[in-house]
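Listed below are the structures to be examined.
Next come two complexes built around chain A: one with chain B, the other with chain C.
Moving on, here comes the complex of A and B:
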């Protein structure tokens, strides 16, 4: 089913948000969302994702000076019921007093559509979301995944100008989450609707977003495509937050960085203190006697996760280094291994702040 | 399981207490349908006394019903929106006010009546009207209605529900009647039953506020006990119980229904969907 309306572009200009208690949840923010694009707001809990989404929805209003535009229309002071948005809430906010079909029909009923038209569109929507057999059920008789689909159906049936989703999958268990993520992805692509999707889960963000806005403490840390965010993080925060990453830090002299476990070839770095990041899957394991084994460490822990082994190596940096390798090779704790990091796989960040103790995020399994 | 003597002792004691409480009621009820109470049941059963009550006191019955329904109407119109405003407000004063709302239970009806008489007793038209009693009944019962609805509102995430409705384009009134009111139904029903029960049975306050032309059933009943033969006042009591009984039963039933609803529904396994687009 294609929507009649493909959604609008959305612009936030200088939108900051200070709550009544004086809490500045958002620093002045400029953001442009293209028509038909899926934009993901990603960041740790409390960074202001929901606040941004609610401002776009019309449930919160920006501080004086901020402007929100839907296409060319200034909607800054328009309340949510006049904005023609579709919203999927984290806890779904389905109406317990109505059946599934009535929930889905509600938006059309409010728009005073003709009864016959409502019936037809609801039937179509229920069928598309594979909810037809549940049409007469009450909300408390549905599973989490079914509720989620009802919430989506209810939000998109009115052809909203933008679809807003606030962590729609967080309340579900992992298996269901994966399946529904794929479903939502397909749905957003087929509808071609402008969508803003809030999540704290970077995998979800990567899978769904045309572009990702990484947020930190009420600020935008980086905006880019999933690949840009993953491979070219522009700050320590983004590098840390997106996926798992190793930090190598030391003194560079003549293109070589000196580390506790040996040396690292960094042809792209000038002399002086430097830090580079590298994804676990970009580190190669090499034989100890190979000429490339400039860095050597001891396997401290291994974890077999099916398609790959995850190895935590000690002795290379003060903290463990995480390496991922093919699942078919055996490693035992205590074994000495050499590693190589190709310079083109390294992520160098400038300018630098003092390295943080948690800079190798989630790397230790303990 | 073998029953010990202490079991039979407890059973006997319980039955004794029940009898102690029920016997007077039964005696009163039988008195109302006995030809001559002093001669006992053997004098024969009759509905004569009931008919007599209906002819002497029918105005008190109608006034009681009218008052109860009018009180209910005011409580619905004022109490439900008031509860909503209270629950919505985040201020400390709103919480304090919610606490204060319980107080009238502790303030005797007599005190409310006295205050009303001091404040408005001079207005003759109001003083002699049944509306004067209505004001008293509303003041007395409104807190129960508000409390019942506020309790439900605090137990559901009504802000979120409202946001859901407004995201679908519903303005305030639509949200209120489509989402807030239906989801507060349990609280509204129990508040309504409470209002009716209290209004029908209220004596203290009503006795202070009534005039010879505005007597309710409980006031008439007191009057009957003082001035009529015992069979008539007993028949009157019987009618009173008949009016209250459905309300008490409905309250009980409503309580059970709400408890059953509060229990999480049994989840049926979700049929696996193959995808959302087809």
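Moving on, here comes the complex of A and C:
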């Protein structure tokens, strides 16, 4: 099913938000969301992602000087009632006194559609969301996943210009979350609607977003596709927040970085203090006597998670290095292992990013 | 095997012990409630003809009008109190301002007064020497009095009913899910529509419960009516008159039973309605 009205593009210009208590929740923000795109706002709590969503919804208004555009229309001062947005809340916010069908029909009823049309569209929507058999149920008789689908159905039936989802999966258990994430992804693709999705879960963000906006302390830390965010993080914060990552820091001389546990081949780095990142799955375990075992460490802790082993190695860096290996190979704490990091798998931060002083102190013990 | 109170069976010794624990309350309710009520019921049927007192109460103008007046008064007091309390309660639940807790404690002040004192307060306001009489003298030379009419009763009853309802409404309004309103707004719902569909439905159980209490209290209120010595005979006053002045004890008993029945019925209906609302049949 395609919506009658295709999604609009959205532009935020210089939008900041200061609350009445003087707390600045959002630093001036410029953001462009393409028509039909799913944009994920990702960050820890208090990073400004929900405030951004609520400004786009029309539930909050930006400080003076900010502008919000839906397509070419300036909606900065329009309240939510006039913006034609669909919202899915973390708590679902379904009307407890109404049945499933009445909840889904509510938006159309408020917009004074003809009775016959409402019935037909609600039937279609319930069918599409596989809710037909629950139409007459009350909300408190539904499971969490069913409520989630009702909330989605209610939000999209009115053909909103943009669909806004505020942590819609947070209240569900892990298995259900995975399944519903796939459902939501399929739904958003098939609708072709512009969607803005707020979450603090980086896996969810990766799975759903065409692009991800990583936010921190009211600022945008990075905007990019999931792959860009994962493989080319532009700051310490993004590198740390998205997935797990190891940092190697030390003095580079003649393409080799000296570390407590050996040395690291960094052909792309100039001489001097430097730092590179590497994802656990990109580090290779090699035999101790191999010529490739440039770095050597001791297994301190292991964790078997089915498809792989997670090993925490000591002795390479002051902080433990996390490595992943096939789940079929046995490792025991105390065992010495060698690792190799290929230079093309290393993530080097942009030079403009200064090295955090506390990390440097870890490297040089003086 | 162990069984809890909610279980279906209790072992012999357990149920014996339970009975022992229930004994005090059984004695008290038997002595001070069940037995007098039974006696009242018996008395109410005394007379030449079986049920004649009830027939008289429901047909004779004096009693019937007392019954109807009391009902109308209680219903209108309940409705007005609910309306005032919803507005007040929503405002108090949603706004923070200096002196709010003082205001709430002032609004709940009438709880501390017995009905007689409330009657005095109404006389101070609308009696022959009251504020409104003074004002009337100043403006058009006549004393504006309302304390001794049904208006005086109405004002007094609303005054002492507000705190009971207001506290319940504030508590319920604080628990309303704000996101429901935002969801309704996202569809473009008007403020009236949101009030009707979201706020009022959310408050409904609280309004039913506190409204029923308010109605029951108004039906049985005596002190205020007594202090005002109004020209309207509310049912408790009629019962009092029959009992003390007329010595028509059988009639007083019949009226008491009627008053109790009506009030109980309303409380029962309210509980059923709010119960049905809270947990719909599976």
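Everything below uses one rule, namely that the second predicted complex is superposed on the first by the 349 of 366 C-alpha atoms of A that agree within 3 Å, B and C clash if a C-alpha of one lies under 4 Å from a C-alpha of the other, contacts with A are read in each partner's own complex, and residues count from 1 in each chain.
In this text, a residue touches a chain if its C-beta (ideal position, glycine included) is under 8 Å from a C-beta of that chain, and two chains touch if they have at least 3 such contacts.
In this text, all values refer to a predicted model and were calculated from it rather than measured experimentally.
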Chain B and chain C placed together on chain A: clash or fit? clash
Quiz item: In the superposed arrangement, does A:86 touch chain B (first), chain C (second), both or neither?
Solution: both
**Study point:** Touching partner for A:129 - first (chain B), second (chain C), both, neither
**Key:** first
Report for A:152: first if it touches chain B alone, second if chain C alone, otherwise both or neither.
first
Of chain B and chain C, the partner touching more residues of chain A is B
Considering only the touch criterion stated at the top, classify A:23 as touching first (chain B), second (chain C), both, or neither. neither
First (chain B), second (chain C), both or neither: which does A:110 touch? both
> Should A:186 be classified as contacting the first partner (chain B), the second (chain C), both, or neither?
Replying inline: first
Return first, second, both or neither, reflecting whether A:143 touches chain B, chain C, both chains, or no partner chain. first
Message: Under the stated touch criterion, which partner chain does A:290 make contact with: chain B (first), chain C (second), both, or neither?
response: neither
On chain A, the footprints of chain B and chain C overlap at residues 57, 59, 79-82, 84-87, 89, 91, 93-97, 106-107, 110-111, 138, 140-141, 154-155, 158
Counting only contacts in the complex, chain B reaches chain A at residues 156-157, 160-161, 163-171, 174, 178-179, 182-183, 185, 264-265, 267-271, 273-278
Residue set of chain A touching chain B in the complex reads 57, 59, 79-82, 84-87, 89, 91-97, 106-107, 110-111, 127-130, 133, 138, 140-143, 145-146, 149, 152, 154-155, 158, 182-184, 186-187, 190
Given the complex, residues on chain A that touch chain C span 57, 59, 79-82, 84-87, 89-91, 93-97, 106-107, 110-111, 138, 140-141, 154-155, 158, 160
Within their complex, chain C touches chain A through residues 177, 179-180, 182-190, 193, 197-198, 201-202, 204, 277, 279-280, 282
